[in-house]
Amino acid sequence: MEGANWRRWAGYTVASSYELLHDREYHAIRSSAALLDVTPLYKYLVTGKDAARLVDRVIVRDALHARVGQVMYTCWCDSAGKVIDDGTVSRLGDETFRITSADPSLRWFALNAAGLHAKIEDVTESTAALALQGPNARAILQQLTGADLAHLKYFRVVSTTLRDMPVQISRTGYTGDLGYEIWLHAHDALAIWDALIEAGTPYGIVPCGMLGLDMARIEAGLMLLEVDYVSAHRALIEGQKSSPYELNLGWAVDLKKEWFVGKDALALEAARGPAWRFIGIEVDWENLERLYAEVKLPPRLPAQAWRVSVPLYVEGRQVGYATSGCWSPLLKKYIALGHVEAAYGNPGSRLAMEVTVEHRRKQAAATVVPTPFFNPDRKRA
Amino acid sequence: MSRSVVVIGAGTNGLTAAQILATSGRQVIVLDQKQPADVDFDAGWVPPSVRAALNIQPEAEEQGSWLVMPMEGGRFELFADIARSAESIRRLSPRDASRWPEFCTRMRRLAGVLETLYQQNAPDVETTDPGELMHLALLGLRVRGLGRQTVIDLLRILPMPVAELLDEWFESELLKAAVGSTGVMDLCQGPRSAGTAFVMLHHHVGRPAGVFRPLRTSLRSTLSKRTNVEIRHDAAMHLEVAGERIRAVTLESGDTIETDCLVSSADPRRTMLDLLDPGWLDPEFMRAVHNIKMKGVAGTVTLALSCEAPFRQMSLAPSLTHIERAYDDVKYGRPSAQPWLELRNSGQKIEVQVQYLPQVPREGAWDEAGKRSLGNDVARRVVDAAPELKDAITGIRVMTPLDLDAHGGLTGGHRYQGDLTLDQILFMRPVAGWSRYRTPIGGLWLCGSGTHPGGGVAGASGLLAAREILRDAR
Amino acid sequence: MAANRYDAIVIGGGHNGLIAAAYLARAGRKVVVLERRERVGGAAVTEEIFPGFKFSMFSYVVSLLRPEIIRDLRLPEHGLQILPLESTLTPMENGDYFAAWADHDQTRRELLRHSALDAEAYDEYGRLMYHMAHAVKPILGMVPPDPASLRPRDLKGMLAVGNHFRSLGAEQFHAMFKLMTMSSADFLDEWFETDVLKATKSASGIIGTFLGPRSPGTAYVLLHHYMGELDGVFRAWGFQKGGTGGISEAIAASARSLGVAIRCGQTVQKVREKDGRVRGVVLENGDEIDANIVLTSLDPRRSFLELVDRKALPDEFVADISRFKFRGSSGKVNLALGALPDFTCMPGFGPHLRGAMSISPSMDYVERAYDDAKYGEFSKRPYMDIVIPSLIDPGMAPPGKHVMSVFVQYAPYNLNGGWTDAKREAFGDAVIGAIERFAPNIRSCIEHRQVLTPLDIERITGLSEGNIFQGELALHQLFFLRPAPGWARFRTPIRNYYQCGSGTHPGGGIMGASGRLGAMAVLEDHA
């Protein structure tokens, strides 16, 4: 396997793709099933009498009233209301939560826990996580577990066994498709991986690396820390920080909660309106074709998702920047995620994205569109 | 505003704040936290601004010698009168005696700058407010007005080690110890540590030129006799919060007082992290409060006497090196093998401040046996220095930093509610950005010596805090 | 005598002197550098002390050399080549260790072994220090204003300093204030719980000072480790190829190419002055060299109390310089090794040997080392920073053999009873004994050893009291107080006599900033 097919993720080495090309892996997500090792996610277990209180004061959503078995996608902020990280919070019991994050978060939770009766445990090493994503995910997984997956609703988690090994199965994922994430003891990971491959082979299961996942997550409109936004804890200047409202996560901010870190600043911003918006962008195909036609070439499209800052313009003035994008083989569209000044963020707004056509910078016409770009019914059904 | 203001703590600062608030028409309840009677926290200068606000007469300056130290073949004494001290110093070193007057003048001028700073809010150096900027500019001009030498002295001397400063002036070890020891009073540093020259000057405020020991004050007992505030002998156990504002305080007795204005003279850490309902503060603020250095290293041994001691104040440390070595022990969690003792005549007893004692010894513990042996050791040293007291000691009582924490309500056993180091004074006290007595919780205020200007300046924190509260209410 | 007349004379051929000379020559001046020793470099020299074994005799690592100097003087073309120093290994008393590697993930894993919270705090701390270094950088490049002066230039300067700090924002301003005033121990306590991590970090805060990790004022020096990273230099610490002397040689080569005359073996005895104006210098051999401008890169004591007639200076200035503190506190042991040391905590050959080995097993260990020095003894168990340059640059030793450089603290200049040959050897033995506790085979590896006390450093390099920074980096000797209040602007009370050594702002380390700023002061006055 060639070296370029490995990459770093949170201190682990993971496969960019298991095959030399990643497109079969991407297509499996949308057409059959893909199995991904997402173990490098940071995972924390919060337990104790004040566990719900601690989680509630850190995240922007309401954790006090979350039901056991509920999973919440949320972000958390510093006291100025700028996003530090995003991840999922699963209520596993009355006094037990599991939190996943992209950056190490133990210290932040520990600082917040001062005076509270709550214990935070880093279970990143001891807990493995596998994501089974795609239209056939349920059929494959159901063969291996007694849990009733047909009735496991979107963003719910259940404790069960998989071939007699204790696991938790959540109906979540990073692909915007029907899919599950399986949380298990690290020492069972190989056995469960093999079991899933074995049960999934008749259904076309394919191990999938980061390149395939990256395209799927852009189609699903899901942002990525350090790619699409900078953590308030890592930002070197104020201008690099974003609020939840600026990241299109305003829906998650629960200002009715009595207090949480950043609430005061967020209440002000909610009243004032955000300065920036995080948007989906669809590049106008005809226009792109024409730009290439000028140099007598057919449009050249990125084979992989890109992760660089690309200027966005309105009438020649830069109004924002795209942070990741790809050609969607499924939708046959060139799509991207980006930040624009709030005034230009409404769906239907016209703007232009910089493209390099045969070494020369051009501006391709584009439209702001709602995300997700691809949102199949099976995701929630 | 019908509900009462509750003030936690009946020390000089709590009572001062209570008086100012009561005078402006508030109902005030003061919670007397029952400090042990013979721990005297009332050392310090009562600034004129505090006296004026409370309508209190200045206390009479003591006459005669302010410090006695044993020396070869007799005693060395220092007096309020500069010439008289110089005469005394001449026996140690004629060179030092000739430099004494200028030293006293230079130090007095610097203490004067501190006195100005201590009677007003800490300068807000990051402000963009024109009023504050003007205030800063005036302050700057005023200091410049004192001359080039004072400006350079301020910048150069404040961050110096007191030992180095005194080495520049004097050669007598005894004299340097007499003056320099106040640079480490109640501080977990030795005289060779940077910033101790500032601490020496801090303890010089309010004193005449040539007197380098803080004054005693009866401010607390004077104020506690006033009847315009209600004093309750009960302790705050829990501060309730609703909607980011203070709501009520629960007392040790089980009572609850509802209030929307609570002024705490307890130390910032106890107030914000122990008493306050958890879960309301920003993590960075909590971290800052948690990080306030309060390393209490001074204990008190009280010797009951059958007669009165023949001196007002005596210091037992032959040199600053002696004190530095005493400090070395506490760095590794040991009580000083050869401590620095500061004796104060208190009528029929002597209060001895003992430095340095760890709050928790790394080996052993402050159990009865440990305290007894400390008490006996101190008594022996006192008798060695003042043989006339040989048969006069009738009782020994020991308070370690741990006792001050457990019974005196002082986190870390620190008398000043936070070390007076350069990173914890002025706009950095109690924590950076919160020097104006307020807290992130609406209606909760700090007024103890953990706030600007800090311990050793009696009533100033209370006065400045009360003024902020009143300004806020307008 | 045209041959003995120059536009400017630079006294001292250390890196600052050479840099000042090069900048002046670059501006078209005819300059001569007078160096007392037979070679240039001052404390940055490479010497073949034992046949086949070359040592960076004093200064041994580099990170702080200002990038604008590297660019302006085209030093890479003249031989500057920095080889990265990748890791730091700290052996602990209990047989464990702490290691920091070039690979961030590897360091994080190592930290996780000690404390999960510290692993996270480490990154946040690193970011804060990055910010702080960024905030300090403009101050390092600034000519300090005189806060007691009412001249418009100084008022403007003070305002610029004030505005600079105010522009940082509250959080960073407060962090800066803390860094300037706290002890490294207290500052690190706010961040970390792992003792050995704090000990290793704080050790970098005491290098060259007569202070312990618990002494206020040491936190500031922690910044130095982060300074280099600002200029986009990844893995900023390193060795000069061929030893630190190579840096001096590169600067000298650059200076010569710009027309500077460099005369070695020429000891300046006096700076000639008439009517408050400098006229030239007199050499020990009686020769006189004329120039209307003289720059001294020597330390303030030599520059003002030895080279100049005190009567030419104001009393107050003489008093200020007399009390300027030197108190050298570090020694150096250079070892020629026949084999590599074997560390108990990480046995055998490995990448750790290519990095630094820090003998700072605990906070108490380093503090105790200081306690000894405080009362006039060398540390019985000293803090040491050890490197083996021959593993990175094989030319430094015969094939299969190695050179080991041991920076040792504390060794007070004013040793009780004074330094003698016997004391020097006892000091060397203490150093070897302290290494032996962590690398038991060290004694059998040693073929030759050179022990340098602060007194030796003073004798060889001329640095007063062997202070490697030409004066302590204490709060009251920094910025506008360095070397004396009112005289921090590189000028002196004698007209056209300038300072350009590290006894001026910003001081210490092979930074070169003082040399450059000194030359700038000359060019500003003599445009």
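Letters A, B and C name the chains as they come in the text, with residue numbers starting at 1 for each one.
Here is the rule we use: a contact is a pair of C-beta atoms (placed from the backbone, for glycine too) under 8 Å apart; a residue touches a chain by one contact, two chains touch by 3 or more.
From a predicted model like this one, the values you see are computed outputs, not experimental measurements.
K.L.:
When the contacting C-beta pairs are counted for A-B and for A-C, which pair yields the higher total?
P.N.:
A-B
K.L.:
Give the identifier of the chain nearest to the protein's overall CA centre, each chain being represented by its own CA mean.
P.N.:
C
K.L.:
Can you give the whole-Å distance between the Cα centres of chain B and chain C?
P.N.:
Here chain B and chain C have centroids separated by 40 Å.
K.L.:
On a C-alpha centroid basis, what's the spacing between chain A and chain B, in Å?
P.N.:
55
K.L.:
How many Å are there between the centre of chain A and the centre of chain C, using C-alpha atoms for each centre?
P.N.:
Each chain's C-alpha centroid was found; their separation is 49 Å.
K.L.:
Can you pull out the residues of chain A that are in contact with at least two other chains?
P.N.:
In chain A, 108 touch at least two other chains.
K.L.:
Listing for chain B: what residues touch at least two other chains?
P.N.:
Residue numbers touching two or more other chains: 287.
K.L.:
Flag every residue of chain A that touches chain C in the complex, lowest number first.
P.N.:
8, 11, 104-108, 110, 122, 233-234, 236
K.L.:
Of all residues in chain C, which touch chain B in the complex?
P.N.:
My answer: residues 147-150, 165-166, 170, 173-174, 177-178, 181-183, 186, 189-190, 211, 214-217, 323, 325, 364, 367-368, 371, 374-375, 474-476, 480-481, 485-486.
K.L.:
Okay, in this complex, where on chain A does chain B touch?
P.N.:
50, 53-54, 57, 78-79, 108, 111-112, 114-116, 258-259, 261, 264
K.L.:
Where on chain B does chain A make contact in their complex?
P.N.:
Against chain A, chain B makes touches at 242-244, 273, 276, 278-280, 282-287, 290.
K.L.:
Going by the contact rule set out above, which residues of chain B touch chain C in the complex?
P.N.:
Touch list, chain B to chain C: 125-126, 144, 148, 151-152, 155-157, 159-160, 164, 168, 189, 192-195, 287, 291, 293, 321, 324-325, 328, 331-332, 421-423, 428, 432-433.
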